[in-house]
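These are the structures, in structure tokens.
Below are two complexes that have chain A in common, paired first with chain B and then with chain C.
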Partner chain A sequence: MNVNSFLALSRAFPRGKNRLVCHAWHLEKQALRVQQRRTIRTHSRSLAYAKDLFLGQINKAEVFPYPEIGSDELEEVKQFVAPVEKFFNEEVDSAKIDREAKIPAETLNGLKELGLFGIMIPEEYGGLGLSNTMYARLNEIIALDGSIAVTLAAHQAIGLKGILIAGNEAQKKKYLPKLASGEHIAAFCLTEPGSGSDAASIQTLATLSEDGKHYLINGSKFWISNGGFADIMTVFARTAVEVDGVKKDKITAFIVEKAFGGISSGKPEDKLGIRGSYTCEVSFDNVPVPVENVIGEVGGGFKVAMNILNSGRFSMGSSCAGMIKKLMELTSEYAVSRKQFNRSLSEFGMIQEKFALMAINAFVMESMAYLTAGMMDRPGVPDCSLEAAMVKVFSSEGGWICCSEALQVLGGLGYTKNYPFERYVRDCRILPIFEGTNEILRMYVALTGMQYAGKVLTGKIKEMKKGNIFMAVNMAGKKLRTSLGASVDLGLTGKDGVVHPSLESIVDEQLVLKRVADVLINLYAMTAVLSRASRSISIGLRNHDHEVLLANTFCNDAFFKNNYSMVQLQKHSPENNDASIKKIAQAVLENRSYICSHPLERTF
Partner chain B sequence: MSGRVLVGVKRVIDYAVKIRVKPDNTGVVTDGVKHSMNPFCEIAVEEAVKLKEKKLVKEVVAVSCGPQQSQETIRTALAMGADRGIHVEVSGNDYETLGPLQVSKIMAALAKKEDAQIIILGKQAIDDDCNQTGQMTAALLDWPQGTFASEVTLDGDKIKVVREIDGGLETIKINTPAVLTADLRLNTPRYATLPNIMKAKKKKIANVKPADLGVNLTSKLEVLRVEDPPQRQAGMKVETVEDLVGKLKELGKV
Partner chain C sequence: MKCSRCLLQLVRSGRTVVQRGSLLLSPSSGQLIVQHNQQQQVLRQFRCSPVLAKSQPEPVRFVNDDGTKKTKSLVTKEDLFEQVAKESKTKATFNQVIDVFTKTDIRRRGHVEFIYAALKKMPEFGVERDLTVYNKLLDVFPKEVFVARNFIQRMFNHYPRQQECGVQVLEQMESYGIMPNIETKVLLVQIFGEKSHPIRKYQRIMYWFPKFKHVNPFPVPQPLPEDPVDLAILSLNRIANDLDAKTTVYQLPFTDITESGEEISFPHIVGIQSPNQMELLAKHNPNRPVFVEGPFPLWLKKTCVYYYILRADPTPPEEKEEEVYDPERCFYYPLQLDLDLDRDLGDEENFDVDDLDEGPVFAMCMTSQGDQATLNQWISGLQQNNPILGRIPTLFRLDAGTRELEGVADTEAGHSHRPPPQSQREDGLPAEDSEAAVEEEEPRRSRGMKQ
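So, the complex of A and B:
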């Protein structure tokens, strides 16, 4: 039987599904006898766990069991953690750093001596050569001071990362040793006053000199952490390239030394939080950069930038978890001793809720961060950009809420500078903004996933049209399975689960994408906690029953939230206020203010 | 002269941890509690490493007596600059009853075996506050001792030690070989930097059993009961000295 008429039949007789089931079964059995089971892949397999979630597939093998490190490595990690914790407890005066908006030189020196400036630089270049997992672990402690955390991250997570992941041997040999010891500090220069989220629109220019030996960089960058004292900067600028004979302007990544001259920086920005971190404008005036300092290929800078940013994101999970765990200690001391109405605060439900919130959030963030780090540490170059983005979104928002709730427990006291809570709240506010705003990352998660799913499904349809009977049977079987289970018409998919061609305009449907991203983030979070708790039970970790409790509570909550998002995504769902939201926004923005008449107004 | 310094390091519950007594009152809770090197032992290691950096001694050997986890403490000493470590394996019941007498016997045996010139220990451990091991070790070896040292200077084959005593400071000169115990103000211990921790991985830790050293670990002490100190009672304010004397008589204190 020809597949196409088979399909036509299935379309024409929706109610005849049952009859077709029997037929399909028959055919399936025949097909099985005839050929081996063969899965269709449209592109090479990288660790695409999150991407496959968009296809309704859970690749258990990729996330179960929870990643483990060898016992030697674990011993080493514990050894590393002790002096760093000691340093942060004894030598770091966070209140002073925040008050004076400066990290003292002795503190920076102490950090350099500890080796914290070259955590991921390989040993051969003078660094510690630690894995992503170890980096995440150390970040739990470094995050206790926001300014230090940002200064170190700007240096090694993004500032010198380009050289590390895309640089050639000569560049690594030349620059990494001094960067590892902290003698030179790095900065990442991508953002410009006119180009923030829209990184591809930067205007800084790099023109090739006449003798072809130098590029001259002109332009100005904004919001550059470590901008005032960085010795080595990764600068992104537009260069003229020829693509198939057509002259184009593409972004290139350069290693620029302050010593090249022509670089000036503005005064440090007066920020709400992370005040000890030096953030300023950096201007480039005909800065000569030798052609050997191009990172990767000329014109390939955008990809380098994205790879750099993607590789550092996941650590926000462990940073936030470390911070929340500290806050839990400080807050619980207070809640247990403070008494009102003759009872300690810890006996009141609304206070208890806050502690549960902090515990669950810390648990989820840890689980997600180390799951992602474990994936990234596997051999090969796994693409975990989606997973890292999800960790970042969840952790930044969770961190902000938990800091606020921790402050709330202390009430008025929490609001004063006598306690560190207000500083944690201010330091946390930057998290949803930098390293890719949460809005952009949600779009990235939703669109990348859909694009992937679209490609795979389109590939499957193509195969079906070619007459691959087995494919058709597979699809019909799947469709049946979904319809027998709960099925929701998202209005996003047409027949056979294909992503509808009208979705070219989906890019503009941000509110839809936001919900899709939220669902996916919750799914990944649930995967992480389930994987971790399963391992804890099987190996009998201390307090594993508490982990099970946290995991179940979170999954319960996330499940209902996801269902609600899915319900809102349905076509013509009454729970969906998107159309009204758009109308309101339009009216307000047209008028540039609130437009209602005052309630006290009269018309007569 | 071997130029070898033996430093004893003890793994204790971290100073910042809130101690809790076990429900059966046999001891304190140690399971899952953060442990680290005894602060006075850190000062001892720092002093030994300083002597080596000044080239006054040739080798620093860190010693710890305890279960498997004591190796972590030795590793920290190695990361601070010690050259090699010796782990004397003591576990189970023996470890529960391990006290200054047993440790000093072990240290004395090791000093002879390793031909040590100086033994530096912390003045006391923050878990038992015994302040006995250094003194006992010196006695067993019949060596001079410089305890509560706040300053140590090597002078040929003698050591000048400034000691912190109740009345102030006392300076003594003792012959080597000798036993020193470190007091708080002797020095400020360095942080074990991460690069040094990595280098320390290559340093050796030898495993020794007390029986190999011919040491008998039986204790002459038995812990009967461990309990929390009594809760602080509120104080009382009095108006005059007569009232104070009256109240003291009432409480039977005078």
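So, the complex of A and C:
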């Protein structure tokens, strides 16, 4: 992977920014040109944008112009959104849900009537059949109540996703209609007491019965959202599979109905936030599952699980954005009306900074979420899991910061239960944790990208070694360019600007990976923001100058952050504190406590 | 060195001078004086003038006061201690001797010799780590006499013998790791003045001692626990250095009287094992034996204790199972990058590293009686948490490798039976308590080295 090109890339963005300010028309023209070029392309789309960033390439065709939906589609969305918004504003009492840790039945019924339990299920199975973009739009509103959002997400983003993407026609016909109407609620059972992301430690066992018609599932699953009342569950269990004559245990996904019997759920967990969602332990005791309820093929559960997990994440961007937008309304009201020293709070710089932060974050999240959703809606089977993970990481962290800043504006009032802010802060805390913790997703982003880039680059080296002169000349030219353009050697690239042999052990260099992931996430965020802002200018959306302002501010900020991360990646730079950080952590972990003497301690 | 010359003189004079009447003390009177001393310690006022002491003579107890004490002839100061030591060597008697010395002669004649003698005798009386005793000893010096009064005196070695003696006191404190306190400083200032050698020594000690106080990350507690079980727990934790490791007392020491009236004492057995070790043991190939080896010495300052280990030989390379990378292991990210990186000619990365594979150690124990029967009891205790031990042959290698014993294959069924007594005698090392071991440490250590 050529890290030098990251640097060049992140340099390129502010340059783009300046152009954006001065020559908006230029970009517009460029975007149009890109669009024209795109229509000519005939071969199917195979490359994703984020992966190519690792090679130092910006696939402008992928992200410019910003994806749009048709006018009639937009009308449709608006038609859907209006009643949902009305419902959430008038019928949903979030404080009560939080207090009683239960979503009332009438609220659930209202959600069912609105069709929110089957947003993405195709119309032929009784769902709304909406696209990813529209799903993201609806999530903006659903996210106003964390508990409902999580309940719905557990139902359709992961719970029934398995049937939707890997189930066969019979399974879809049998289960989806009832799930779409909300008559049945789905849950996703993967996590176990001893197994978070490690597939090898899954203990739940599925054994084929003697007549070969049923699987008997035994085991227990932890932290199952909707576990208490779900009727249909996607359960992952180990099954004995014969691969090349060798017996092996592999994961298989099953559709398990509660009606099969033998399923018991524990009492709901008492949680910090999203208290209305029903999270509990589910145990399976000899649950007979017919063979036809296997999702995909026997032993193919791993892929199913991965696809489900990867596909559900993009919507968090719009959810967070929706929440922040709501919080901004609430807090700005307070900031304008509250007076201190005969000046309103909104006149103070430090308060203003918080609002700017919220606006920028909401803008970036929105841009990223809808860009990703738009990419996913394109024909073909685009693999946008990398982008989705980036959106999730960025928005969950941004959401947490924004919520706590919003609370800070209100000071002590925000800390009380009289205002919804403390609830938002509590609800928000789950975002960096579930659907893959941010740490794990950063690993995913960095490693997947490196894997891709590494493959391409090693291929190039092979070509060169075979004596492909054209390739060699090409590389030499590139090297010349980078050596002229970049002033620092980032250590990750060896000679010829190719993958360093030490990359094999990079999997264990988590701090390095974290920075690489952060750089990439920022790059993707900048792309999304630029793409959206340039579209807004081009078509003259209302307040597009404000968008440009937000985009510029964010890009500037992210550019410096990226530069800093890049410098930190250098081995001997003073900014690189990794060795010390590891040492500190080791000392603490060895003793399992803080080991410094108390400041009042004496030696004589 | 001058001090050594002083000591020499002291010894010589000791030989020539006729022995004096003994200072015999009854225990009761000794006790009295202790209390008295303690009071004095608390209410100590630094005497500024010897006149004060003269005007208020304090009662000095001489049980066997035959009047000869008034003769001011030379006397070896060590004799004072020797005479007292006949009775008992304690802090109280030591203090008493000092008191006797200070009270007998107001001019403190021969105090340097006395202090040297006292320093030498301190370990005998067991007060070598007692700061108050050192302070009391320094108090023997007459005050203000040796303080330099002008810069010329300060420049040259003013009262060199006394200063050297003072330094010697501090040096002994240093070598026993006793940090002087503010009282010491006040005494030294009173005796030698601000810029004297003892004060310099004091300052150096006070500079370095605090710096090095916590330099040892694994400090040995002072004093060590008396109870052998506590000591064993302490030492095992010290070797294992693992917070997860669990110590188990398999048997507390007790004595039993058999029907024939014979008294049999059972040794203590204390073992330690961590969850990781249990996991390793569970994975051990039952066809390969495990070994009980020992005793190995462990030194805790001046105490030596012995421990035994349960270990196995390193797994031979053909049996090693390499963990294959399963791409379907992690739901979220690739655990390994699948890159086709082949090395170039210049990319040789063979470092010269001696990779010595050591066999795993599964558990450790300490017992006062290292014979096979006792250790068998330990193994059967271990078996409760490590059922696999019942299937693994256990070999006892309790001495040098030449005296290897036959495996005790039948390790199941609780190990209530003991192996035949003759083999027990043969292989069992003479088992002593840790205290007894101190005296015998030399031969035993050499035996330990053979392993």
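As a convention for this text, the second predicted complex is superposed on the first by the 554 of 604 C-alpha atoms of A that agree within 3 Å, B and C clash if a C-alpha of one lies under 4 Å from a C-alpha of the other, contacts with A are read in each partner's own complex, and residues count from 1 in each chain.
Operating definition for what follows: contacts are C-beta pairs under 8 Å (C-beta built on N, C-alpha and C of every residue); 3 or more make two chains touch, one makes a residue touch a chain.
Since the structure is predicted, the reported quantities are computational estimates derived from the model, not experimental observations.
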Problem set entry | Simultaneous placement of chain C and chain B on chain A, clash or fit | fit
Exercise. Who does A:I360 touch here: chain B (first), chain C (second), both, or neither?
Worked result: neither
For this session: Identify the partner contact of A:K86: answer first if only chain B is touched, second if only chain C is, both if each is, neither if none is.
Result: first
For this session: Tell me which partner A:C402 touches in the superposition: chain B (first), chain C (second), both or neither.
Result: neither
For this session: May I ask you to decide whether A:L569 touches chain B, chain C, both, or neither, giving the answer as first, second, both or neither?
Result: neither
Exercise. Which partner reaches more residues of chain A, chain B or chain C?
Worked result: C
Problem set entry | Which superposed partner A:R542 touches (first chain B, second chain C, both, neither) | first
Exercise. After superposition on the shared chain, which partner residues are touched by A:E113: those of chain B (first), chain C (second), both, or neither?
Worked result: first
For this session: Aligned on chain A, what is the least Cα gap between chain B and chain C? Give it in whole Å.
Result: 35
For this session: Show which residues of chain B lie in contact with chain A when the two form their complex.
Result: 16, 32, 36, 72, 75-76, 79, 191-195, 197-198, 201
For this session: Please give the residue numbers of chain C that touch chain A in the complex, ascending.
Result: 179, 181, 206, 209-210, 213-214, 243, 326, 328-341, 343, 347, 349
For this session: State the interface residues of chain A toward chain B in the complex, per the touch definition above.
Result: 75-76, 78-80, 82-84, 86-87, 89, 110, 113-116, 119, 123, 128, 542
Exercise. In their shared complex, at which residues does chain A touch chain C?
Worked result: 190, 197-200, 250-251, 302-303, 305-306, 309, 436, 440-441, 443-444, 447-448, 450-451, 454-455, 458, 462, 499, 501, 503-504, 506-507, 591-592, 597, 603-604
